[in-house]
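Two complexes, one shared chain (chain A), two partners (chain B, chain C).
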Partner chain A sequence: MDDLLGLVGHAEARASLDHCLKCTICETQCPVAAVTPLFPGPKYVGPQAERFRADGSVDHSVDYCSGCGTCTLSCPQGVKIAELNSQARAAMKADHMTVRDRIITQTIAMGKLMTPVAPLANAALRVRPLRVAVEATLGIHRDAPMPKATSQTFMAWFRKRPVPSAPAPRGPVVFFHGCAGGYFEVETSKMTVEVLEHLGYRVVVPEQGCCGLAQQSNGLFEQATAAVLALCDRLRSAGSDLPIISSSGSCTGMLKHEAREIMGVSSEALRDVGLRIRDTMEFLRELHEANALDTSFRRQDTTVVYHAPCQLKGQAMGLPAIDVLSLIPGVTIVESEVACCGMAGTYGLKKEKHAVAQAVGEPLFTLIRDAAPELVLCDTETCRWQIREATGLPVEHPISLVHRAYGLSATRARRADPGAPSGA
Partner chain B sequence: MTRMSADLVVIGGGVTGAGVARDAAMRGFRTILVERADIAQGTSGRFHGLLHSGARYVVADPRSAMECAEESAILRRIQAEAIEDTGGYFVQFAGDDPDYADRWVESARAIGLPFEEIDVAELLRREPRVNPSAQRAMHVADGSVDGWRLAWGAVDSAKAYGAKVLSYLEVCGIEVTDGQASAVRCRDRRTDAEVVIDTGFVINAAGPWAGRIAALAGCGEVEVVPGRGVMLAVGHRLVHSTVNRLAVPGDGDLIVPAHTVSIIGTTDVRADDPDQLWIPRVEVQQMLDAGERLVPGFRQARIVHAWAGARPLVKDARASGTDTRHLSRGMVILDHASRDGVRGLLTVIGGKLTTYRLMAKGLVDLMCEQLGDPRPCTTDTEPVPGSESGHTHQVSQRLRDRENDRLTEQLLCECELVTRRMFTDALHENPDASLDDLRRQLRLGMGSCQGGFCSTRAAAVACAEGERSAAEASDALRLFLSNRWLGLWPILQGDQLRQAVLDNWIISGTLDAEHLPVASSGSRR
Partner chain C sequence: MKRIVVIGGGLAGLVAATKLAGGGSSVTLVSEGLGGLQLSQGTIDVYGYNPGRVRAPMAAVAGAPAVHPYARIGTSAVRDGVAFLQDALGTGWLVGDPEVNLQLPTALGVLRPTALVPPSMAAGQAQAGQRWAIVGFRQLKDFGAELVAGNLARAELSRGGRIEARPIVLDLPPRSGESDASGLVYARAFDDPAFRERVVAALRPLLDGETAVGFPAVLGLTDPEAWTALRDALGVPVFEIPLPPPGIPGMRLGRRLTAVAKQRGVRFLAGSRAIGHEADGLRLTGVVVGTAATPRRLRADDVVYAPGGFESGAITVDSRWGIRERLFGLPLAGLDDIDRLITDEYWDDPQSVFSVGVGVDAAMRPVRSDGSVVYENLFAIGGILAGACRWREKSGEGIALGSAMAACRAIEAG
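Entry: the complex of A and B
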C-alpha cells in the first residue's frame, strides 16, 4: 500500500465512510456538482469511491472537488467526505504534481517577491499578453483574480510604527497574520491589531511562517506538514497559554482541524495551538458573551453583504462575524447564504477549474450585484479577491467595519492627514 | 415432458460440478449440468473468499498445502478474472504459541511453500489496522476469489465446449436400469415441467445435498454432515491483504479482503439440514470478538451482512460430537458400482474450493477409466472465457471503468458501481434470472445499503426494458429484499441499523412495497 494512504488521518476518514447511509444530502449541498457534470459529486468520490481505492489512483475526477468542505459540514452522519477527497487527491497527484501546483502554494515566496516591486508586479498582473502566456505555460487562468501587492509588509509596518502608548490592561495576545495577511491583505492585519489594542490588549507578533494550507489543498502533504509544525513552534514561542488571534479564516481552520483531520498530523504542538487559536470575530464574540466587549460602537448607517466563506463554516462555530456586526447600530447585514464563492483557496486560479469556480460563485455574485451594497464583507483572503474581481465592489474583512465603528479608521485618517474632518 | 440425452449428467452447479462439466466437455463428452437453484448459490458462494496459498495447512496437512499452492497458481492463470492477487499474512499475535510459528516455518521450508518473514513494523506499515501486538509475520501468496465468478467461469467454458447448463432444475429421480444409471429425472422449479435426461454416466456433486441425491439412485447411508460456518462482511476493506492468525487453525482466525468488503470467518458447527442454516447471534458475537483480535476497532466497523454456508463433510468414525473440523478436509469419491452395485454413478463430497479443478480432473479421470475411454485433461492450460488476458481482478477496476463512462452511464447500484447497462446486459442474457441471481453476477445490492437504493431502480429498469410486468417487477423487488433481509437481521446494530431504518422508510413508507400488486402467475423469479 502507498505510504500516503497509510497516514493516520486517512485511517480515520476511511473508517468514517461506514456511516454513509447514501442519503444524498451532501450531493444536494455540493456547490461544484451543482454546476458541472465533470465532478461526480461528494458521495460518489467520497464514501463510495473510497471503498474501491487500494493501490494507485484511478479516479482523477476527484480533482474537481474544490475542497470547500460543504459536504462534511452537511453530512448528518459524520462522514469525513471532504477529508477523504483531499486525501484521494494527494494520492492521485503524488506521482505527477504540476509545476503550477507547486508554485501557487509558495505563498510566502510570492509575497516576498512582489512586495519590493509592488507597483510593477500589480501592473504586470494586468498585462493581458503576459497573463495569456502564464496561462499557457503554467495553467493559471488569465482571468483568475490575483493578489494585489502592497509596498509595505505587515511586519514592516508593525516594527516601524510608534510603540502604542496606551496601557494594555488585558495583557498580551498573539497575532497570527498568515501569508496573505502579511504581504497582500495587509490592511486587515493592521486593523485587527488596532482593534485588539483598542480593547486593551498588547499584541505580540512572533516571527511566523506559512500554515501550509495551500500545499495541503494541492496534495503536498509532506511539505504542508513540515510547514504547519514549524508554524506551531513559532506561535508557541510567543508564550504559553496566550490566546492566538488570526484574521486569516482559512489558515485558522488549518490549525484548528484540517492539519489533523486531512493530513493526520498528531503533534502536541498542533493540538495546543489548535485549542488556543481564535478567528478574530470568534474572539470578539467570546468577549461579548463574557460581557467583556466594548460595545460603544458609532452608528454606521450602511447595508453590507456578508459572505461566510466555506473554510470558515467548516470550523463549526456558527457565524461570529454576524453576531459581532449585529452589535453595531445602523448596520443592515445581508447574509449571502451561499455555500462557496468558487475560489476555495487556489481552485479558482487554475486554468481547467476557472470556469467551474466562476459558475460556483455566480449565485453569490448575482446576489451582491442585486444588493449593490456599499461594502461586501468576507473573512478569507482569496475569496475577497474572487468577489472583488467578479463584482468590482470593495470587499473587506468584517474587522474593517468594527474598526470603523470604534472610530479607529477616523483616528488613523487624522494621523495620516491632520486636516481631515473627524468622524468619517 | 422434455427428453434430452447426454454422455454425462452432472448434478450440482457449485464450483465442483461446474468444474466437472467443464473438464468433461473439454474432453469431448456430451455433458449436461443440472442445478436446483442458481449457479454457486450454495456452498461455493457462501464462504470467506480465500484463495488458499496452502499456508493454512502446512503444519497439519502438508499434502493439502502443496495441492493448494499448485492449484491456486493454475487458477491465477486460467481464471484470473475471478481472483484478486491480494497476498496474505500469517501473523503470530501476543498470546499465540510461539512454537507453532517455528513449526510452521519448518514445515513450509520442508515442502518448499514460498513465504517471506517480514518485520512487524513493515507489516503495520502495509496494513496499519492490524493488531499491533503482532510478534511475527509471514507474507504468503494468499488471494481473494469470487466463488460465483469462479463457478461461472467454468460454466461459460463448459458451454463453449458444447455443454448444457440448466439451473432451477431439481433432480427428483435417478433411473437405474440393470445396475446401470440410465436417466436423471428433473422438475423445472419455475414451470413445474418435467425433464428427463438419458445418460450413461452421472456425477453427483451436490455437496451437502449429495446424500439425498445418492438415495434417489437407491444408494443409502451416504451420510454428509453439513458444517455450518457463519461469516460477516464489513462495509469496506479494513485490510488489503488476507490476515490469518499464525496458530492452529480455528474459528474466526482469518480476514479476507473480498471486492469492496472484508470478510471474517468462520464458525464451524454441525447442522442438521443444509437448507436451514441459522445465523445464531452468539456466533455473530463470536466473529466480532475474533475480528477485534485481528483488527482492533473491528466492533466499531460497520457489519453489512452475515451469511452461513454448509461445508459438506463425510461423517468419519474418528470424529464425534458437533466439532466437524476434525473430519477429513480432503475430497471423498464414492464409487457406487463397488459400494452399491450401481454402475455409472460417482458421488463426490468435500474438498476445497481452491482445489476444485484438481477434484474435477480426478472425477473425470475415474469416469474415463470406468468407461474404458481414456482422454487427457486439459483444464489447466486454457483460460476460461473472460480470463484470456491473464490480468487478475483489482478492487479498483469498477472505479476505473466508471471514470471512463461516468458521463454517459447511469448508476443503478451506487455502493458497488453497477451501471444500468451492466444490469440490462445481464438481464437480457438471463431473462429468467431473479434479481438475486443477477446480484451474484453483478454484486448488485451487496454494498453498504444492501439494496435499499438500487433494488427499486433495478426492478423498475427490468419493467422499463420489457422483461417484467409492473406486478412481476414488484414481486422481484419484494423477493430480493426479503432475501437480503436474511443476512441483515442477525447483525442489525450501529450504522447498518440506521441504514435499515432509512431503507424501510423508503421501501415500506414511501413506496408501500408490501401492498403493490402481486403478479397473478405467482412469479418465482
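Entry: the complex of A and C
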C-alpha cells in the first residue's frame, strides 16, 4: 500500500490508530495542551485528525506538539500518538523547511565552531542586541537557553589524558558521548568514563557523529536517517557484542526506538545498536540487579531534585536514576513528577514556541525553587540548559552524584590540586 | 524480601501494590499507559444493581451468586479493601459506608447508587423536599444543566417525594476565546482563585435560597480546597456531578493513590507492556516487559495480574469468536453458552460476553474448570475476573478492592 504521507514509518504508526478508544487519557497528560489553546491536544491532532490526512494535507496546529511523547507513554492501548504527530509535522513542513530549523539541528557544526573560541562564543550568546538580531532574522528566541562552550572537547580530553593504569577486569565497553556530551556537557562524559573505569571496565570511544535526533524532531527525516545509520556503523566498528553506554538520554532514545518508530528506519545495524545500548543509569541498575555493582558509596547528606526527562521516560524502563541514587546513603531524592521541562529538544529555542515552553516548564521550575536543593539532576542536555536558565541552580547528570559518592570527584580534585583535602 | 511484580495500574493494581509494599515487599508495578482510575467517576461502587437497585451493598455481596467474583472474594476482604483504601488515601478523600448506598445524580439527571464518594459529592445525596440549582457552563461540553435539572425534577424518588431542581447556565469560558472546552480545562481553571471569584460573582445573584447547588465535577484538579472555597464563597452546600471522561474525580484519586504507592516504595515501570513470562513448573519466576528496543526480565516471587478485562485488551475477541487472555493464556470461564454471549437486544438483556473472564480460587489464583491452579504464585484481581458485568451491576471498585485484599492476604501468608 502506498503510504499517504510518503513516509516510511507512517504506515506502521497509522496501523495503531484504530486502537484509540478516544478515552482522553493522553489529553489529560499533555503538558502543551495544558498551557495553551493553540494546541488542541494529542487525541485531536493525532488519531482523530489522522483519519482525515491524505497526500500530506494536515492541520497546522500539530506544529505546536513538542514531541515530548507523554501521550504515547500514557496511552493504555498502545496508540503511537506522538509518532503520528511527528510524521504529520514532517509532511507539513516538507516544502517550506525554515532556515532556522535547518541550522539548529546542526549540533556538531555548532560545537566545532564554538569550542576553539569558547570564551568569545559564550560571551556573544550573552550579548542582548546580538540575540535580538538572531531572533529577528532566524527566529531563535532571545531568551532561549544556549549551550555553554568549553575550551576542550571531551574527545581531546580522552585522547590527551594519561592512559589509565588500573586493570580493567570487566573488559571493554563502548562509550557514546553524543554531540552535546562531546562539545558542551563535557563533564558528564568525563565522569561517566571515570565511573565505568572505577567499576573495572576499559572504555572505548570510537569516532562518532550525531544521532540525528534534532533533525528528526524538526522533520528532516532524510538527513536524520543518514546520520543515525552512519552513527550505528561507527559505534559497531568498536567491536561486536560490546555494551554501548551513553549519558545522553535523548540520543539513546533515538537509537533505541525513535529512529525506527518515527522514521521507519529498519536496518540490522540499528537493531543491533538498539539491543546493545544502555543509558548509563540503566546500565548501573542492571549491574546492581546482577549483584555486580560496587555499592561502597560514601555518605552524601544532601537533598536533590531529580527530573526525569520526557525522552528518557519514553524508553519505558522506569526511572533507573532513582533506583541507583537510592543506593547512596544519606541522599534524599525529590522526584519532580513533571511530564516535561518544556524544552523537548529544540522546541523551546523557537521564537514562536518559547513562551509555551516556559509555561510547560513552570510547574517544574516552581517545584525546584520551592525545594531549593543543593543540586538538580536530569539525564538530558537541553533540559539541563533549560532548568539552569530558569532556576539559576546547578543542574547535572545523575552520574555526577555517583561519581562523588565513589570518591572520584575528590580523587580528581587532589590530582588537580595535591593540597586539597581528601573525602567527598 | 519478596519480589513482587504487579501488572496493571488501575485501582486493583495500585491498591495491591501499595498494600504489599507497605508490608515490606519489593514491588514493581508495570503498566502500559495509565490505569482506569483516570476514566472513573472517583466513587467506590460496591454493588448497585443485582439486578434491582441495591440499598445495602455488603448484604448483596454476601448473597452474590456462586459464579460471581464476590462469592470467592467474600465480605471481609471487600470491607478490608474499602477500609484500606480510605486509610491509605487519608482523611478527606472518601466518605460513606459500604453497608449503605448513597443515591447521587448523574450527568443525565438520574440517581445512581454508590457506596463511597469524595466529600465534594456528598451534598448530592437525594432527599425529598430539597431545592437544587444545577449549574452548567455554555462552553462546557458533556454537561447539560437543563437535562440534569429536568430529569431530576420530574422523577419521583423511590421512597416517595421529589427534588425541586432548576438549571442555571453561565456564559463563562475557562480560557479566553475557548468555546468548546472539556471538563479538564474547566478543572484547571477552577484551581485558580480568580476564576472561582468570577463564577461566584456571576452565580450569586442568580441563586434563590436553594438547599444545595450542583456543579459538573470540574471543581479543581490539583487544589483540594477548590470546592470548599467555592462553597464558602457562595454560602450554600455544593456538590459535584461526575461527567464522562476525562473523569476529574477519578484523576484526583489516581494521582493521590499513585503518590501514596510511591511513598510506600512501589517502583513504577510506566509505559511498559508485559509481553511474556518465565516459569519453572507450577511457579512463575519472572515477567518479561517490553522497554524501548529490548525486552527486560523482572524476577518475581509472586505476580499480581490486574490488567482489566476486554476494555483494556487483556481479554481479546477475534472475528471467529475466539476469546483469549493475552499474556498467560489463562483458561477462561463463562464461555459455556458461546452462541448467546451477545444478544441483539443491545440495551435490554445482559450481554453475557462481559462476564467472561478468569476463574479463581479463594486466594485469587487462576484455576482451570476442574479447579486446579494454573500457577501457584499468580494472582488475578479486578476487572479480569469472570462472573460479573461490572458497569451494569456497579460493582467494579468493590471487586477490585476485595480481590486485591484477598490476593494480598494469600501472598503475605505465603
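Quick notes
As a working rule, the second predicted complex is superposed on the first by the 415 of 424 C-alpha atoms of A that agree within 3 Å, B and C clash if a C-alpha of one lies under 4 Å from a C-alpha of the other, contacts with A are read in each partner's own complex, and residues count from 1 in each chain.
Just so we're on the same page, contacts are C-beta pairs under 8 Å (C-beta built on N, C-alpha and C of every residue); 3 or more make two chains touch, one makes a residue touch a chain.
The structure displayed is predicted, hence computed values, not measured ones.
Judged by the touch definition given at the top, the superposed model places A:161 against neither chain B nor chain C.
Shared-chain residue A:15: touches chain B; no touch with chain C. By the document's definition of touching, neither partner reaches A:415: not chain B, not chain C.
Of the two partner chains placed by superposition, only chain C is touched by A:277; chain B is not.
In the superposition on chain A, A:299 makes contact with neither chain B nor chain C. Of the two partner chains placed around the shared chain by superposition, chain C is the only one that A:25 touches, whereas chain B remains out of contact.
Shared-chain residue A:257: touches chain C; no touch with chain B. Of the two partner chains placed around the shared chain by superposition, chain B is the only one that A:44 touches, whereas chain C remains out of contact. Applying the stated contact rule after C-alpha superposition, one finds that A:314 touches chain C and leaves chain B untouched.
In the superposition on chain A, the residues of chain A touched by chain B in one structure and by chain C in the other are 19, 21, 23, 37, 77.
Chain C makes touch with chain A in their complex at residues 28, 31-36, 38-39, 175, 177-178, 182, 184, 188, 245-246, 251, 262, 267-273, 289-294, 296, 311-313.
Chain A makes touch with chain C in their complex at residues 19, 21, 23-25, 27-29, 34, 37, 72-78, 253, 255-257, 274-275, 277, 313-319, 323, 335. Those residues of chain A that touch chain B in the complex are listed here as 1, 3, 6, 11, 14-15, 17-23, 37, 40, 43-44, 47-56, 58-61, 77. Of all the residues in chain B, the ones that touch chain A in their complex are 125-129, 235-237, 240, 260-261, 297, 300-302, 394-400, 402-403, 406-407, 414-415, 417, 447-449, 452-453, 495, 498-499, 502.
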